[in-house]
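Same chain, two partners: chain A is paired with chain B first, then with chain C.
Let's look at the complex of A and B:
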């Protein structure tokens, strides 16, 4: 009697583990790796070229780790993303604020910002290459461009969405222009600053990969591209997995909490 | 009352204040663009930058006719005559978007609904969607080149890949957000399996499907341009990349302007109204973050 109960409890526990949270993720990961291995082992001809098995990807990562190239590629890409993104956001927030301060100026620059926000950094890449050649500057400028416009546009529209009533109330109570900006406009625009940051970094991350591929600068993008050139498909898959995992970690553990916390703290201003 | 105020009041009464304000906003918004164009023209006058770096505006306009110079006519352009460079490239880019949309959107919706109806399956597939959307687009290009070689298959695959996973993921999340009560309500009234899909899941997921479509056009168009640059043999991305290598800057500028205009117009005049209409019609069940 008790043994059956125990068994049932165990089964229940196992079911709960398998269908919820971390257990589900582990099962999913193991399952997809087994599926990948099965496909590459039995379904595909010449798996080295078209879909190497997980083992060879791991071996290639060990090889690259041993040579030290993996870490240097990875750090190059991350440094580019951080520098480009940080500078873009650091310029974008003040510019967006400055343009949003005056309703007249905001109306004037809104279509311009909207236009440049939708011109993707990848599309202007050839222009930048003509200006600066295939250099690190080119990649940095593309990242800067892609991260600047989404945040500036978002801050601009965020500042504009603060009700005039609040500004007038602060003014009536004797607030100076600086105080209005600091105490009314900036907190009011905070949610859209957070949204814009996440958008900026998301676009910038894609731009880093594309920029490195096209300009041929060392980095993750170049790693997968040279993997294609040298017929080293394991290296491509390794790079892709790293790109995906990095973005998931960045998005789920840094940007998304930042965004939700900001929205929770400063809230959507009542319209 | 002066004549000017009288005139302005008369105009406001005649045209309507709201419409005047709107027109004024459009006028105001065009000021920076006009200013930029004037700067551009001044640059060609005083040659602050080399024409090879910033080509004159007239050259950019002339590039259209240069690229189309041997084109026999409109009908030949539509039939993709060999000499109509510009229209061929535009059409091959657009054709890939449309083809990928026609194949990818129904597939994404179908699989998304099937996966979203079962909570366990969708729980397992959610990480797949997140991962595939994270590796989206550009990172797939080298692998696609290995699989399909340089050419239209690669670019089509990149576009299809971006569209499918975004639509699939958004549909799945939309279907999952449909309240169970509604499904059970239809089932109690004698609705079949097919009825629940047609009358509950599909309309319930519609707003998030449309959001997925907008996102997939935004990300997919960027990825398509990059794919054409790296692994394509036609299309606007290919055109600007080749022109940049040959230092024909005016063609690059023309291509960049065309790429952004096509995206802006298709987003503003097709997808935004569609999204608005869908949300009005079926309501916002799941609010995308």
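Let's look at the complex of A and C:
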């Protein structure tokens, strides 16, 4: 191999790293941190109060790690997110399916769902507190409630958007009603299920933070809130970064692969 | 025609209700038709004369009230695997590979995996899609998709195969190839087929019998026997085959009558 070949091979590897998957993500993160640091160092007058540098955020996290509080905040929040979001989605999918399948059920429940969809999780918060106090249950219910609607409505519209032709084709091949749901409606609704799942988890993520702040349960949300109380801007930024990075990682390693194995493979969406 | 009647239609009429005006569209009137075992019956007629309506009734996709329709002696109620349908287009499932689309019918009937695999391969080879087993529909051309649709229907082994303008959406060159192939497939599988088309040439080329519909309300105007052995039905020989050209010209004349009498309306 000549040196030019080698150079080109190296260049190619680098290009591949920069344009694909995790490589692109890493470059994006590193770039944002550098930009943040530049702004904090050169453009802000009292950075410790208004925009602490990445380094001071890292130091504050080291401090909290040392005390052990950071890990416990983070895991508390994640556990709430996973349980509340999973249950919300697990209820939302069959409800959306039932509404999409059956006119009668849809006519009965749709107005009710539509009503509650407009009443956000934060708006129901006070009444949940009255029922369950400032407890983890309260936070979980708010997350569940918030994540339920996006997935349910998306599954509903997804099922309705499946072309009648596909259903007829399956029926003439001998499919039962159940087999039509399994082989035609569910896969046909996959693009909407993917969108709904993404929205639901995104909504759940917001509900966790807001719920913790309002209910005063320990976690990332509460950590941000107390950061303001104690004028600890670095702690606030740390919380924000952890929220954002967790979301990006979740999206990148869980939702995206799920989509590329299904709807992209089937040519139902172009990326 | 030898053999027993696989499809029997007696005094079938159909009216579509119109929910908005309260009137109804009279689509079919007094249809009597029999399709015998191993027979290929082609239906031609002017647009909107009720061909698709008839096919949907036989497929079980459209309920009917007046007259009777029976397949293999059983009154038709809803769709079933004894009547396979090849639609004009957009009917194979995008989320199933070629092989899994073709094997779908067998999967639904819970045929054992090994037998399914064997039969699917047989039909993939029959329609010339070897090597494309694991492709998804969006990776195929229009002609290939229709081959998949035909193979899927045949693989489920229906009593009768119903085809509604299956080649109308592909280009002229591909259409000729697909028609030649369908002929070969009909010889190889000895299927009973009801085939709807706009194309007089297609009807004369493929049909053992060609039924000409009048304009709406669709009635059977005439039927024409096309007595050309399957082996002789190859497009490159058709121009010099008087049986073909005569049948084609006769059908064309009959269809023209229907279309031009439309003008008097």
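Odds and ends about this structure:
By our rule, the second predicted complex is superposed on the first by the 187 of 271 C-alpha atoms of A that agree within 3 Å, B and C clash if a C-alpha of one lies under 4 Å from a C-alpha of the other, contacts with A are read in each partner's own complex, and residues count from 1 in each chain.
The rule is simple: a residue touches a chain if its C-beta (ideal position, glycine included) is under 8 Å from a C-beta of that chain, and two chains touch if they have at least 3 such contacts.
Because the structure is a prediction, the values reported are computed rather than measured.
Contact with chain C, but none with chain B, is seen for A:169 once the two complexes are overlaid on the shared chain. In the superposed pair of complexes, A:64 makes contact with neither chain B nor chain C.
Contacts of A:112 after superposition: chain B is touched, whereas chain C is not reached.
When the two complexes are overlaid on their common chain A, residue A:190 makes contact with chain C while staying clear of chain B. In the superposition on chain A, A:50 makes contact with chain B only, not with chain C. More residues of chain A are touched by B (comparison of chain B with chain C). Touch criterion met: A:224 reaches chain B, while chain C stays clear of it. With the contact threshold set out at the top, not one residue of chain A is in contact with chain B in one structure and with chain C in the other. Residue ranges of chain A in contact with chain B, taken from their complex: 19, 24-25, 27-29, 31-32, 49-50, 104, 107-112, 115, 118-120, 122-127, 129-131, 206, 209-210, 213-214, 221, 224-225, 227-228, 231, 233, 236-237, 239-241, 243-245, 247-248, 251, 256, 259. By the touch criterion given at the top, residues 25, 28-33, 36, 52-53, 120, 123-124, 127-128, 130-132, 134-143, 145-147, 219, 221-223, 225-226, 229-230, 237, 240-241, 243-244, 247, 249, 252-253, 255-256, 259-260, 263-264, 267, 289 of chain B touch chain A in their complex. Those residues of chain C that touch chain A in the complex are listed here as 59-61, 78-81, 83-85, 87, 90-95, 104-105, 108-109, 136-139, 152-153, 156. Listed in rising order, the residues of chain A touching chain C in the complex are 163, 165-166, 168-176, 179, 183-184, 187-188, 190, 262, 265-268.
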